[in-house]
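Two complexes follow with chain A in common, the first pairing it with chain B and the second with chain C.
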Partner chain A sequence: MTIDIAAFLFDTIKMATPLIFAALAALINRHAGMFNMGIEGMILCAALGAVTFAHYGGSMITGLLGGIAVGILTGLFIGFSHLTGKTDLYLTTIAFNLMATGGTVFVMYLMTGDKSTTGAAFRSYLVPNIDIPLIKDIPFLGKVLSGHSLLTYLAFVSIFLVWFLLYKTRIGLRIRSVGENPMAAESVGISVTKVGYIAFLLCGLFSGLAGTFLSMSWVSFFMKGMTSGRGYIGLSAQNMANGSPLGSALVSLLFGATTSLATTMKSQTKFPTEFLDMIPYLATILAIILTNIYKINKKRRIEKGKAAE
Partner chain B sequence: MKKLLTVLAALLLCFSLVGCNKNNGGGETTPEGGEGGGEAAPLKIAYFVSHLGDKSFADSGERGMEQLRGEGYEQKTFEIGDDSSKYKDQINDAIDAGYNLIIGSSSYRDYCLELAAEYPDVKFIIFDDSFDNIPDNMAAILYSQNEGSYLVGYMAAGLSKTGQVAVNVGQDNPVIADFVTGYVNGVKDYNAQFGTDVKVVKAAVGGDHPWGDPATMKQLCLDQQRNLNADVFYQVAGGSGMGLFEACYETGTWAIGVDSDQYTTVKDGQNPEFADVIITSMLKEVGNSLVAMVHKIEAGEDVWKKVSVLGLKDDSVGYVDNDFFKANVPQELRDAMAQANADIKAGKLTVKSYYDFASEAEYDEYLASVQ
Partner chain C sequence: MKGSRKTQLIESIMEVVRIVAGMAIAYGVALLILFLISDDPAFIIKQFILGPFSSPRRIGSIINLAVPFIICGISMCFMYAVNKFNLIGESIFMLAGCIITFVGVKIGNSLPMIVMVPLLLIIGAIVGVVLAFIPAIMDRKLNANVVVVSLMLNSVVAQLAIWILRYHMRDTTIGYTASEIIPESMQLPNIFGSLKIGSGIIIALILVVIASILFFKTSFGWKMRLVGANPRFAKAVGFSTLGISFAAQLLGGAIAGIGGATEIMNSYKRYLWMATTGHGFDGLLVAVLAKKNPILVPIGALFLAYIRIGADVVNTSGDIPYEFITVIQGIIILLVAAESFLSGTKNKLIFREVQKEEEKKKALQAKEEAK
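Right, the complex of A and B next:
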């Protein structure tokens, strides 16, 4: 098997990008005590929104903003049903995902007369790829780190922004306190509903970026069902990392790496495609088991230490 | 409140009566169709697809249906989605509504087989499939996609500067394997003729949406371009193929389209620059073949209980020979392709088919011989 390691690492980062956005979207909601499964559908809506606004607005910028706006709108829509309408969040998000699957095709058909892709009817705009001035000249590292989409760099910056927001700002503290114990938060005068809306808004923002990356960076058009479960993977990535932004990013990178490896193996090995499709998921489950074993052992050690005292 | 309930109940009754009435109506038409079966009742054609708008397979069939409607046939196309658990019921509904010629691709074969036994007076056409024990009221159409693929494979080998070409599919199945077999055969024959050693890499998109995941397809092609230096890519992957065109556009390599003339489709769209990598397309004229089949049935030809194999000589498969193709493929190569085309049509040259292999292992071996 011939494999260009630099390109492999480059792809790992590229494939992890939508997952990182999805994981960040999910973990903000999680810290506010809400397990939002609707991210898959939100990303799908945003992916369609991005190409639509790019086409009608005639530029990449309107597409980027449109994608984010649609992401935020869908987030607020779920937030509205859950927080104001008091619906069950699981049922709402499951219904929302099903609605997004059909709804995006319907809206696309109304706009383009095409039921599978916007590729023919909408002009394509791409979020630019950026060459980083100094790094791009470093032999190996330059090939791995430079030349990514603007959104990829934004994803990595976002990891630290979200960490900062959650652990270093007042609103982050409020989000976490609502997640820990809404009653207690309410009793000291924090509006659970308001904080919930902020969490859904931020979740929508990152879902919007994930969708925009899929339809305006990875490929340059929208296609029905193009998320292919990436929202769910992001969701489980943050779950594995217990809601830690950095941990979620690492899990996303692990998933990106295994997917990238499986892609190469599809061309160069005799393994059945179905088996290779399984690898990223299998690796994720194994990683969850291993991290959990590690955590349990650590807890046991601490408890033993306490008992010895 | 009570009044409202009464009105609602009345409405409910009304609607249920209307429903009954409709059912009765439907029930009456079926026996009529059955009685008329002896002296050939007028054909009412139902064409089943999961979705139109794929720019290739289903749409090509729909063009044939348009032609039939233009000829005055009563025809309706049913888009029945991806949920296969509902397929049989939906086809059954169409039969109950009086449709007596059911057309569907291999995806609907099993449901049609069950229904064919239940409704001996209804006729079925299953296309893009080959199978045994075909009932009396069913006809099957199989395309020699291997013949068309042979020609584009031959061309790909001639065009490649790096000595590595690719064929990327949505998912492996017998029909798709037939495409691959023909393509590999074309490359092998080119190698034998010119003493070259062009290799073929084959991969499948797989996953949840094998025919609609352009992102994965694009990644596959970029990967093959980088690691193996592939420079001609043949897509047999429906909607995923768009990802292949984008990858070729980015890396400056050649793409080969499938099913319909994808150069024209893309050129007419909003992003015509992506068309400038599609050197040609392997044509599979589903629509034409269905029209021809219906005409044969009307003429009383015996097409039932067997598989009709349609290939180059029936103009059911072929390749696009447009100006872009002429401008970019060298004259000698085009002549050689035309020669091979004529030889196959005349029966002088037989293209290897997937259905010739005795086992899956033999097919794998065949692929391995050019890897």
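Right, the complex of A and C next:
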């Protein structure tokens, strides 16, 4: 068995892209004090939205904008039922993901007459891949870093943008203060509901990008249930990194590597595919176990330290 | 005192009204969707409403479909009662069905049904406890998010069940992926002749009774409900909230396992699931409709089965894809879960009642002063 390391790393970055977007989406909600599991369903809706708008609008740009728009709309929908309808966020998002799973198939069937993929009925549009001028000529690095989708580069830029937004702007400060202590924020005149809506809007934006990447970059069509848990994995990634944008991205890359490993092994070995398909999910569970043990030990040490004083 | 009792009455009546209104609105939305997308709306809507009752066979299938909904609804009642949205029931249902088929086929017809059925139910329950243990212990010891862990685990377990089917159970004499035909000693017989209702409903109803007793007549049930309703208070009076919610999740898992086992014995001749069946999520819907109350679970389950069969009828007799029903299910959960849905009306009613009381008091006082 021979593994092309450059191809493996290239795949890792590619597979990490939707996870990074998902993690950033979850992270903004987290800083506003909300644990939004609806990202899974939002990404799924956005993925269908992207191919639909691309097909009927006739260009890649309409698809990209459509995917983002659908992401934002679904975000605001969850925001509306949680913030204005006062539903339990867990229950809302589970219900929403249920609706998204069936709803996307339903809408797809109405448009194409097909229940599993839009591949046959819709013209495919791809977000262009970009070769980076100087880097692409460097022997090994060029193969790994150059030639990715525009959205992949956008994902890495977004890490910085989200950090800047959260820690260097007024709205970021408001989002964090609402997450830290909503009552205190309210008492100094910040509208918790309004900030919540802004958080859902931003979350929708990044979910939209994740969905668009899946259906217009990773593959060129929409497929039933194509998110396959990526929203949850992204959510776990930011949870492990305690909501730090850069940390979330690094964990996402790690998860991207596990997916990439599974794909490589599928083509290279005769191991039953069922077990290889488990790898990303098992890796997530394992990572949750390890980080939570670490967090608990750290907390205990701090408590002990206090007791010693 | 009398006033507060009236307030309570209004609250519980409004609770029922809210659930019924939520279901009615969702049903209305379903009809609207059918109306908008169908070429022959009148026919399709009639099919959707009356289709499920059009033949004894279909009435029977409502009951048969309700059996797993009841059992999974009860399973989710346990999880939901302690406010843990542990969704592992989804894959427990699948793996329990897989394992009991495996064991059942191995044993064959050598055991009589009276031994075989309870044995397989117990095996299903064990599968459920073992699987539910993983997210539950991670929740208890590591404070891990139980929803995320259970969903990730669902994907893993589903692959495991597929692997068992493909490599260890597959009947190679047939053209599709399925197990061998299960022995007759584990095929639950039909009752009520022409309705073709499987006797699985009896297992489901026994579980309803057991769960109701556990919920409302034992101290564990009371503690469980307290932990769900007010965890801080439960902790303050010295209950181990973590331990109680842990136990509730294991019980929920056991029941989901029984659900998977019952479903195979009640409705299948071969095991052939290549993906999770969605029953875990259906169970959540039923538990939400029943407001975590096992006694009300059969009603929620029957409603769900009714709209599902309706969707099935329009799927076969018209141009409507079956999946639209999941959208309806989502709307129901959202409406029933929304605190502010109809809360204005509730508050108005309570306010009016209190106002009346106050006026009466004033009138009494005025009388006394006049004396």
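Keep in mind that, in the parts below, the second predicted complex is superposed on the first by the 278 of 309 C-alpha atoms of A that agree within 3 Å, B and C clash if a C-alpha of one lies under 4 Å from a C-alpha of the other, contacts with A are read in each partner's own complex, and residues count from 1 in each chain.
Here is the rule we go by: a contact is a pair of C-beta atoms (placed from the backbone, for glycine too) under 8 Å apart; a residue touches a chain by one contact, two chains touch by 3 or more.
Because the structure is a prediction, the values reported are computed rather than measured.
Novice: Between chain B (first) and chain C (second), which does A:277 come into contact with in this model arrangement: first, second, both, or neither?
Specialist: After superposing on A, A:277 lies in contact with both chain B and chain C.
Novice: Examine A:88 and indicate which partner it touches, taking first as chain B and second as chain C; both and neither are also allowed.
Specialist: In the superposition, A:88 contacts chain C only.
Novice: Quick check for you: in the superposed arrangement, does A:292 touch first (chain B), second (chain C), both or neither?
Specialist: It touches chain C, and chain B stays clear.
Novice: On the A-aligned overlay, A:177 touches which partner chain: chain B = first, chain C = second, or both, or neither?
Specialist: A:177: touches no partner chain.
Novice: With both complexes superposed on chain A, which partner does A:37 reach: first (chain B), second (chain C), both or neither?
Specialist: second
Novice: Now for A:229: first (chain B), second (chain C), both, or neither, which partner does it touch?
Specialist: both
Novice: Based on the superposed arrangement, let me know which partner A:115 touches: chain B (first), chain C (second), both, or neither?
Specialist: both
Novice: Identify the partner contact of A:238: answer first if only chain B is touched, second if only chain C is, both if each is, neither if none is.
Specialist: neither
Novice: Determine where on chain A the residues touched by chain B overlap those touched by chain C, and list them.
Specialist: Shared contact residues on chain A: 109, 115, 228-229, 272, 274, 277.
Novice: Taking the touch rule as given, give the residues of chain A at its contact with chain C in the complex, in rising order.
Specialist: 35, 37, 81, 84-88, 90-92, 94-96, 98-99, 101-103, 105-106, 109-110, 115, 228-229, 232-233, 235-236, 239, 272, 274-275, 277-278, 281-282, 284-285, 288-289, 292-293, 295-296
Novice: Which residues of chain C touch chain A in the complex?
Specialist: 37, 85, 87, 138, 142-145, 147-149, 151-153, 155-156, 159-160, 162-163, 166-167, 281, 284, 288, 321, 323-327, 329-331, 333-334, 337-341, 343
Novice: In their complex, what parts of chain B are in touch with chain A?
Specialist: Touching chain A: residues 51-55, 166, 171-172, 201-209, 212-216, 218-220, 222-224, 226-228, 239, 242-243, 246, 265-266, 268-271, 364 of chain B.
Novice: Which chain A residues qualify as touching chain B in the complex?
Specialist: Per the stated touch rule, the residues are 2-4, 7, 11, 15, 55, 109, 114-117, 119-124, 214, 218-221, 223-226, 228-229, 260, 263-264, 266-268, 270, 272-274, 276-277.
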